[in-house]
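As written, the chain order gives the labels A, B, C, D and E, with residue 1 at the start of each chain.
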Amino acid sequence: MTKKPWISLSGIGLFAVLLLTVAPLVLSDHWLNNLGKYCCWAIAAVGIGLAWGRGGMLVMGQGVFFALGAYAMAMHLTLETAGDRVPGFMVLYDPLAPLPMFWEPFRSAGFTLAAIVLLPVVVAGILGYALFKRRVKGAYFAILTQALAVALATLISSTIRETGGDTGLSDFKYFFGFVLNDPANRLMVYLIVAALLIVCLLVVWQFYRSRFGELLIATRDAEERVRFLGYDPANVKLVAFVVSALMASIGGAMFVPIVGIITPAEIGAAASILMIAGVALGGRASLFGPALGAIAVGWGQSSLGSTWPDGWTYILGLLFIVVILFLPNGLSSLPARFMRRARPKPPEPPAPAIAAVELEEVRS
Amino acid sequence: GDDAAAAGSSAAASCVDTSGDTVKLGFLNSLTGGMAISEKTVSNVLHMAADEINADGGILGKKIEYVQEDGATDWPTFAEKTEKLLTQDCVAAIFGGWTSSSRKAVKPVVEKLNGLFFYPVQYEGLESSPNIYYTGATTNQQIIPAMDFLAAKGVKTLFLAGSDYVFPRTANAIIKLYAAKLGIKIVGEEYVPLDKDDWTSQVAKIAAAKPDFIFNTINGSSNVGFIKAYYDAGLTPAKTPIISVSIAEEEAPAMGHEVTGNFASWNYFQSLETDTNPEFIKSWKAYPNSSGVTSDPMEAAYISMYLYKALVEAAGSFDVDAVNAAAKAKPITFDAPEGKVTLDGENHHISKPGHIGRINADNQFDIVWASDKFIEPDPYLEGYDWFPADIRKQLTDAAG
Amino acid sequence: MLELTDIEAGYGRTQVLHRVTVPTGKVVAVLGHNGAGKTTLLRLAIGLIKPTRGRVVFDGEDISSLAPNKRVARGLAYVPQGQQAFGQLTTLENLQLVADGRRRGKALIDAQLSRFPALEKFAGRKAGLLSGGQRQQLAIARALITEPKLLILDEPTEGIQPTIVAEIEHTIMQLADEGINVLLVEQHIGFALEAAERYVVLASGFVTHTGEGGLAAASTVRAAMAI
Amino acid sequence: MDALIAPLLNGSAQGALLLLAALGLSLTFGQMGVINMAHGEFLMIGAFAAYLVQQVITASNLSIPVALPVAFVVAGLFGLVLEVTIIRRMYRRPLDTLLVTVGVGLILQQAALQIFPSQGVPVEKPRWLDGQLTVLGYNWPLRQLFTILLATACVAALSAWLKYTSFGRRIRATVHNRDLAETSGISTRTIDRLTFFVGSGLAGVAGVAASLIGGTNSQMGAQYIIPAFLVVAAGGIGQLKGTIVAAWAVGVALAFFAYWTTGSLAQVLAFILVIVFLQVRPQGLFTVRTRSLA
Amino acid sequence: MTDASLVVTDLRVEFSGFVAVGGVSFDAHPGEVRFLIGPNGAGKTTCIDAITGLTKGTGSARLGEKELLGKQVHKIVRLGVGRTFQTASVFDELTVLQNLDIAAGLHRPSISLLRARRGVDPSIERALEETGLTGELATPAGILSHGQKQWLEIAMLLVQDAKVLLLDEPVAGMSQDERTATGELLQRIAAKRIVLVVEHDMDFMRRFATRVTVLHQGQVLSQGTVAEVQADPKVQEVYLGTAGAATTAAMAVVLEKGD
């Protein structure tokens, strides 16, 4: 995987050209905006690929971090739109109460941007530290993170005056001073998302080819053994987890200006699992797989979901089953499979050994 | 913000093409996910209305060609699909939605793109948009009649039970204001998430509070859990009756006999005896995928299509601005299963009769109270002095 | 009794065994270096992997496609390499597991507990907490409870204290005397050859040498393996 | 007094339902390591089975007692089919079963939405469950008592099955080391199928209980799955007694939180409680230890 | 000499009441291949577990001035204490080189982790040569044979430049000549390090041990040179066994003759 860095690099280059120049030229505004939305998910997916594909941490609650970025951004945009007034939705429930304390700092653009970066780092840092030091892993970790996402979504739903509740935050007019309805500005927002996706890909590319990438795989496959080589696996996992949380947060933050609305449903159990679906489809441990998978799932939802809504649910369900069952390494492993067929006798990774570790994880 | 925000909005020119012999309309409901259990019937009845109108020669002689979209119980998806319907499919108007949350997601998009959205479900009011027509009740057509009914019955104490989202929360805020005026004491208020069925803990609190009446703003299948817990706890319509605003003929059967004897406030009931209702019921029962019963949201969805037809024919055009102008020009009136309704061209709501029904053993409603005349829509409760003017002002200001 | 003829097998695309034929005999020893394919051959004999070529015949019946548990029912028993036990079960439960449904199950367990006193002492302890050697004894006991006709042993004395090694060796000899056939992988060439009626040497998955057992063969085998 | 007794009794009943939902998981997840996210949909299948039974046996006094075994078998068969077609290929990578079964759950939900009336169907409670039992001045619904008795019966039956038959041992052995179990003469295929059948069947029984509490519709399973998993995890994987204690504790905590705060906040707090608990005791209430490195 | 020695004093390990190690004291010094033997279940592995922080123990285990007990596993490793396991555990998906590189990373600053590896560390090359794995550089560790995996584990300790090597049955499953090679390797690396070997192979012990500690039921039964220990009747009784000793001795003779 580290042998030919230029192949991956030129892949990223090609991807950048497609996203940044070709797509704006050939796609209608609607589809470009949709692509922007998929890119937000793709950014989160790249992070999931790092944590899950490489780090073995099945993060089923990335919605939590997606929410941190998204709500930070949405609060800022809401305040920008409301000006000095209290946002409209709050008036409904208590017309006289002032803006909740925690909203105030989000008037500042600088604070908001800092929060989008620092909030997930701090939250994932504390959470990850606590979980990994206590050696919570495997299915426990997956279910715990999922439960967190559910809890946060429920919390937001039930704090309707403070967060907009189930309806979420929407109807933003400005994006850091730019009028959001202006097509030129919308293009700009799209380009920002696409560029961020490329940056995230570059970041994980460097991670994967670095020694850290190898250490992460080692930790995934034999965490205890890593401990006996003098590393604290908790720290190794923590780094991957925090980076993936940061990416989810960035994806969430950009989701807001692109889609124009954020609700608890985008962060709850179903949304968090859908993020995983894209990663699994594309190939959890590969560089491009998660991003491409997320874009494909997003696209499938938009297009198949409209032509054939009932069918799309079945397709999505089948997708989970077929891909995980027959293509555990996702669609991106297909080319390699064909190549392997052509070449004689390459070494096969010893599957049972990995499985044993994984089983222990589920049970321990 | 200043009004420059609006400047960018008229940017998108409409791509609606009605030069042929069809007109494209968009239908937008959740066909999958949690809300599908309620919205599927709305979607079906919209299809029926379109078929009827087509059989009748269409709108302005043009057959309706509809594009069905799935909102998937996801509000951003409602926004995305609205945008798609307006900019990709170039529909002349969109029909559908159920939850207030979905409407609030659609609203900025139709306003931005100057589209039309016809929303068929009773809701919490305090809203009006040049791009939305509301054919369900606003608060003064459902909640306030229900409160009047309770006051007339001599109710002194009331418990509020609702789902945890914008409609019940806002409705209850209004109920509390009006209750104060009526001298009704609110002895408790409980919310449970929309997707949770278990109401046992909350019902225990209700039983302990011993209210004269329960005002129920729960939506969806959570109502089933509520009614079962109520029945289990030994609460009865004789001693602690419930008045609901989201249990209709469609929902009641899933609760079996346990809901019998309780009340609901709606504008339309299947049992309503009007000139057009028997026809409506008959067509619906004969329609494929029919659930066999009619209900208020269905009726409101059904007439939303006829309202649109009336509007377009009055305007002589499918153009949004022309339609809105026609609405203002002279009152649009037509025969609905609930009676002869009139559109308020200013606030885009329709007049409605108020009705209270009591659920009988067949899960139908015996009408026990009716408003003496059709109630004019008043979404901002301007005709009600107990509603604080400063809230109204803040709300209208925030709405821009 | 167990005939392994012209076997090819491997993992995924890697072929490990190349046309291996194992001679038959009461006690057959399989010798070879690390990674030669000994364990692979035994896993194949018990049915954990399927041959891509060749036949596995037991008591005249072709069992090539039988699942391992069916082979156990036919009278094969297997003690895998590496002191394997069901860690979450107690020592006693490990034994009951195989004794269940057998007539005289209780007696069979008691017989093994008296054969291995350490197991008796730790009968109530989770097998995962036993020492390596204790687990190995447990594995052998578990295999013997099935009253096998053929016992397949993969390095049974690995990690066992000398006194017990001696016992295990003694046991194996005794079992052979009792008429139980043994297919044995053992690094301890001296003992293996002493016990074996026939032996086979594997190198990189090929049979490089076969012959009659007995201590006399030791030097030949050492020479064969030194290549 | 009411402030104590009502939440305690309500909570115990809520806990009992949670326990019913978690019981099957403690088999399929706790013992077999399979993370079956479609367990909630098996519960739904049980509820719909109760409805269908009621279409045949209209007397509700009778239909529910009949529905219990029927739901067990029907949901169990669905589980069996799932095992035979999909799960059996996945024992070597249990974490992935989570994702596959998410897909299965989606499909079952959508199918139920299309097959049954979308608003859901009524399941009538037997008349003998009408009424309340007065406990220290609190009118405790008989239905809640029934849920508790049903859960107790299921727990008793399950633990007897695991303890007094050799199946318990065999299941645990199979999970721990499939190859070793197989070569010890255990037919791991039979064990897998049977375990999955029973685990899924228990979800069906839970579905009947759930149908007496809330709506019987395509969405009903979704609300149980995460709490049920949390309960199994908090109890300690593979520890039946842990599951029982954890379910009861979560139910009572939920009821008390609901009493003091709101229904929504109670959900949030209960989740946080379990998460914090698992933080302190990552292996759950009751743990099994081994020395194995992995 | 003593400054870099491993000194274990009165080490005790209990498992909910069961005393697995009940006050064991011994010391090991650079330059010697120290063997720890004893019956199955005597507490040998548990001693190593306690010294390396895997299991909680009381008493003291010092490396030079530093107390090891009570420290976290990875901190103990960073003090220079490395171990192998009774069942070899390497990172199956990674190549031999990657395995070794991770081990070598111990002494690099953490920030360097973010850079890609270029070339092969000299320490890794040396370790590969020592263990004869040079040809397997690019082989995924998962498909190495049992014995090669054990060598790889030792190589990983070598690149870490561990001061103490605790080896739990390193030659289990190896053939005779592989054992010899391993033993010679241990003798070579012991020149500058402390090597503590747990083994049941008495021939191996006789050939390569400098000093031996015998554990029995969590206690030190006997301590001394190979000859001393072998002559100890208590050791013969509980561990070597007279018959067993005889057989193995006889075997040794046979094999010797075969050469």
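In this text, a residue touches a chain if its C-beta (ideal position, glycine included) is under 8 Å from a C-beta of that chain, and two chains touch if they have at least 3 such contacts.
In this text the structure is predicted, and so the values were computed from the model without any measurement.
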Shortest walk length in steps over touching chains, subunit B through to subunit E: 2
Path length in steps (a step moves to a chain that is touched) from subunit B to subunit C: 2
Farthest chain (mean CA position) relative to subunit D: E
Whole-Å gap separating subunit A and subunit D, where each centre is the average of the chain's CA atoms: 31
Length of the line joining the C-alpha centres of subunit A and subunit E, rounded to whole Å: 44
Computed distance of Cα centres, subunit E from subunit D, in Å: 48
Chain centre separation (subunit C, subunit E; CA means) in Å: 28
Sites on subunit C at which at least two other chains make contact: 14, 129
Touching two or more other chains - residue numbers and ranges from subunit A: 154, 157-158, 222, 224-225, 310, 313, 347-348, 350-351, 354
Subunit B, residues touching no fewer than two other chains: 32, 164, 191, 193
Contacting residues of subunit D [partner subunit C, same complex]: 166, 169-170, 172-173, 175-177, 179-189, 238, 288-292
List of subunit A residues in touch with subunit E within their complex: 2, 5, 206-207, 209-212, 214-215, 217-218, 221-222, 224-232, 347-350, 353-354
Subunit D partner contacts - residues on subunit C that touch it in the complex: 46-48, 67-70, 72-73, 78, 80, 84-89, 93-94, 96-98, 100-101, 126, 128-129, 142-143, 146
Residue numbers on subunit E that touch subunit A, as the complex places them: 52, 72-74, 77-78, 82-83, 89-94, 98-99, 101-103, 105-106, 108, 112-117, 139-140, 142-143, 156, 160
Residue numbers on subunit C that touch subunit E, as the complex places them: 14, 31-36, 39, 81-83, 118, 129-134, 136-137, 155, 158-166, 169, 187-191, 215, 218-219, 222, 225-226
